[in-house]
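Here come two complexes built around subunit A, the first alongside subunit B, the second alongside subunit C.
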Partner chain A sequence: MSSPLLSVEGLRVAARTRRRENLLIEDVSFDVREGEFLGIVGESGSGKSMTALSIMGLLPGPVVQATAGRVLLQGRDVLKMPDGDLRRLRGGAIGMIFQDPMTSLNPVQTIGRQIVEVVRLHEEISRPAAWERAVELLREVNIPAPEERAQAYPHQLSGGMRQRVMIAMAIACRPRLLIADEPTTALDVTIQAQILELLDRLRRERGMAVVLITHDLGVVSEYADRVLVMYSGRVVETAPVADLFAAPSHPYTRGLLNSVPPLSEEVEELRAIEGQPPTPGAWPAGCRFRPRCDESRPACARWDVRLVSVDPGHSAACLLLDDKENAHAP
Partner chain B sequence: MPHDLAPAPEILRVENLTKHFPIRRGAVLQRVTGTVKAVDGVSFSVPAGRTLGLVGESGCGKSTIGRLLVRLIDVTSGSIHLDGADITHLKGEELFRRRQDLQFVFQDPMSSLNPRMRVEDIVAEPLLVRGTDGVACRTRVAELLDLVGLSRGHARRFPHEFSGGQRQRIGIARALATNPRFIVCDEAVSALDVSVQAQILNLLKRLQVDLGLSYLFVAHDLSVVKHVSQEVAVMYLGRIIEIGDRRRIYASPAHPYTQALLSAVPRVGAVSRKGAGRQVLAGELPDPINPPGGCAFHTRCAHAMPRCSVERPELEHVSKGHHAACHLVG
Partner chain C sequence: MTSYIARRLLAAVPVLLLVSLLAFLLMQIVPGDPAHAMAGSDASVEEINELRRGLGLDRPWHLRLAEWYLALLQGDLGHSYTLRADVTDLIFERIPITLSIAIYSMLIAVPFSIVLGVLAARFRGSALDLGIMGAALLGVSVPNFWIGIMAILFFSVQLGWLPAGGYVPPSESVIGWLQSMTMPALVLGTMQMGLLTRITRSEMLEMMHKDFVRTARAKGASELRVMMAHALRNAIIPIVTVIGLLFGMIVTGAVVVEQVFSVPGLGRLIVQAILTRDYPLIQGTLLFVASAFVFVNLIVDLSYAFFDPRIRQN
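Presenting the complex of A and B:
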């Protein structure tokens, strides 16, 4: 089997102040294969965005830093790369898009010029040729009348169009990996459908891997090949998408699935998870989901739970799985 | 008329509600150069103790309706009746007294709760301005905090000390302070994490049963609206294009826009559907200053006929208690 495109191993990220160190993510490991669609789900504070930022070498240092682990992209550790290499990497081998395109785009430059800038930063290419490329990219992301739209400023475009521009920019240099952090959260549902279709089409056509970070289980369910569920800075479950939804193994994953009002059946009352997700730095000892878990046992507070294999490719970090004999004991 | 089912007596009736916002140009003269018909001839009623869900994409006018109902903004034309009394043009003292029955829960509790007031003062404010004395206020505040699932110990704290879900509980407690009969919830759970959102939805439903409240539930999330509402109205560019019993609308939507909207929602459990069988709507919401003639949806509709661009369809009977504004219906 060929080595994965991206391999995150034992990643640990902490925010350091003079007095203390707050862990933001801990012991996060996963692989992304070429052309794979990986979904990372979690609620606010689960560390999903921090994971994305680590992959791109964009952690807001010096306060927030990766303090352990490796992020290997095509065999090279991103965490140890010098700044120059990182800049070539971002927009080169890794493309990225964020939730709010308006804050990522320069408001006083035409979108065409901004794409030209990206292309020329990574390739030796003349301005006119780069402009041609920009128009071509805008066409590829389904922007109508791309020649004219290239002359437009970001404020002249709708939210959905701006996100398309961001995607055009992200794929300009044929990246092997596209990281999308909540790309459709600010968009209406019909526009969200268009953007997701676009991402999946580009993935297929270009053989590019996509890491989609979202809080929306529906999006993950429909598009991802594999899912990573994060809670309080840790991966609590990972599985091929069909397995995750057919047999969720972590109580948190089950709680999350029960929290979403279903569109096709009738549910009188939602089985909500009690309490709030803990804030980073205030994590309980042992299993971090324990205070909200209705299946927790005293042992859950004592043990640091590791991912346990449930099925091939499917693992979850729950003590109840560790000892199957006792799993159903009172 | 879109309301031939009214088993319970109606608490709110809105007829031909219209709100036009003028667009002004120039710093001094402020010439009116156009109007946005944010709400354009909307009629509906809400039976006592029930919920009408109002869905649509951004800019369709759903929030404007909420704000018109509680008279935060003035209507251009049409009427609002609360419990049989015309409140459309109430002013000053009279409006103040009527607002006791009519409260509002906002989307973002952080910007709708005064950061410098303690929780008890926030919740007590609607009582104090109505002349309730201090002791009675304190008892009532304790009662309200209890009702929304906060502890009495929370009363002396400030909003920033709470999580998003708890803040929304404070907002709900404040809305309940005056014993209202009708509450407008404008995207009340949109900013919350899934697990917390489920808690608030359960709370709102429980309060409805216990206190006999009626809601207008404005939201863009179709599964949330389905969960809380008995009746649903779908809006497009300022008009209701479909309204009726929730089950009918979700099981057999009659309007092509409602069909597309429902089909665009990514479904949990629809594993690796990758948009298969989905109607992806082409294009985006037209310019509301210059909406298309005839049926406003004809520019994006897969079933558009020549008639659709000329003649505007009115709400027609589909089945009992189910109406849609489409030439294909009826």
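Presenting the complex of A and C:
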């Protein structure tokens, strides 16, 4: 098989203050293949957004920085790229959309101009031709009357339309990878489905890979090929989507699945995971999910756990899976 | 749009009436009157009373106020006691001088402070930022007159580059006019620059954390482009507000600066009017200054629509 489009290896991101260094992400590794739809799932503070920003080289430095690991895009390490190359990458090979399309668009520029900007940043193209392209892109993301809408300002559009504009901007230069950081969290439920459908359609039509960051397992089950579950800055489980839902191996994943209402059957009561995820810097020793885990054992506090293979393409980081192989001295 | 302007102008009327009322009442409270000032210190009580009758000052204050307002309705600001000329003419004679200092100082202050504020924000926490902020703080806190005196000592006395004071009309010599305006404008601009630099910096810092700035970076825009086309373009609205307010403060500043550099502008006219208790002149100049302030702020409010499409719609 050919090498993956994106390969994150042992990524570690820390927030540095004068006194101390708080880890935000530790030892995160995963691959994204060409055209793949990867879902990254986790609660707030699990490090999923930081992972996304690392891929773009957009960590809010100088405070937050990647302190170890590699982010290889088509074989080149994004973390070590000079600024100029990084700028060509952003909006070029990688497009990104964000959570809140209202605040993510510049309020004083027409949406057409904002799309023209990204096109002209990456291609030698005249203004009128770039404008044509912007209109085409708006049409591609199903915005009605794109010629007129291109002249509109963000506040004149609905939330769903704004997110479509963001998507048009992100795909303007035919990226190989689109990162969507909770793209539907700020939108109505009915609009959410439309936006996800759109992302999936564009992925198929353009053959680009999509990394969807979300806290919604339902969304992931429907669209993703593969899932990465993050907890407290670590990957706790990764599997093809069918495997994950059929046989979740980490107690945290099981907890998440139990807290999603199934559509098929009636349930008496949803089981929420007790407690709160620990804040970065206050992570417990050993397994970080241990304080909230029903199945924890004394050994969980002593051993740092690593991902172990459960099935081909499916691994999880839990001591229960394999004591000998899994545990290593902290 | 026109109805908005009309409404705003109408709303300004009570403000202006109140300003002139306050100015009038204040002069009634302050000891001394024009007759004393005109007659000199060794005049007899009879002479002073004679003068007072001649000026109509023996009549009750509310009558005089009513008369002043009536004349105002006909566009008449009255006649100066001491300068023996129409107040309107006196004001319009001085406006070009003060206005040219004001505009000159703005032309210096606005571009410089925006550049400095942006630089300070971009390199936040660096030595450059500290230096710019320190200088800005000095600019705001050191009194105008002291800077003026120091500037005279340095540029006129030491270097001999610029005249120490006075005013050359542009009709006489454009270069001379520019030279005579330079120091007053610089001194007047110092305080504005300090304030404006600080505002620009803090607005820029706020904008740099906005989501759309992150989007601009995600599009692959260079840092310069991110700063100018996105952050500064959005920070410009609060900056323009402050520029409008500063324009009002220029008049206050002009009073001091024109005194220090003996420039015969509006500021000096006001000082002169107050010292001689020249009631019509005081009333007229203050009313004019207040109107100018209202007008500039109207322009600022109208300019929001130009800078911000969200406001344009409503």
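By definition in this document, the second predicted complex is superposed on the first by the 320 of 330 C-alpha atoms of A that agree within 3 Å, B and C clash if a C-alpha of one lies under 4 Å from a C-alpha of the other, contacts with A are read in each partner's own complex, and residues count from 1 in each chain.
The working rule: a contact is a pair of C-beta atoms (placed from the backbone, for glycine too) under 8 Å apart; a residue touches a chain by one contact, two chains touch by 3 or more.
Fair warning: this is a prediction, and the values are worked out from it, not measured in the lab.
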Superposition on subunit A - do subunit B and subunit C clash or fit: fit
Touching partner for A:G160 - first (subunit B), second (subunit C), both, neither: first
Partner chain in contact with A:F245 - subunit B first, subunit C second, else both or neither: first
Touching partner for A:R33 - first (subunit B), second (subunit C), both, neither: neither
First, second, both or neither for A:R16, with subunit B first and subunit C second: neither
Contacts of A:A272 with subunit B and subunit C, given as first, second, both or neither: first
Which superposed partner A:D216 touches (first subunit B, second subunit C, both, neither): first
Touching partner for A:V108 - first (subunit B), second (subunit C), both, neither: second
Touch count on subunit A, higher of subunit B and subunit C: B
Overlay on shared chain A, then closest C-alpha pair between subunit B and subunit C (Å): 8
Shared contact residues on subunit A - subunit B and subunit C: none
Of subunit B, residues touching subunit A in the complex: 57-58, 163-166, 193-199, 201-202, 205, 220, 222-224, 226-227, 250, 260-262, 264-275, 278, 280-281, 284-285
Contact set on subunit A toward subunit B in their complex: 43-44, 158, 160-161, 188-194, 196-197, 200, 215-219, 221-225, 241-242, 245-246, 255-264, 267, 269-274, 276-277
Subunit C contact footprint on subunit A (complex, rising order): 56, 58, 87-92, 95-96, 98, 100, 103-109, 117-118, 121-122, 153, 155-156, 166, 169-170
Interfacial residue positions of subunit C with respect to subunit A in the complex: 210-212, 214-222, 229-230, 233-234, 307-310, 313
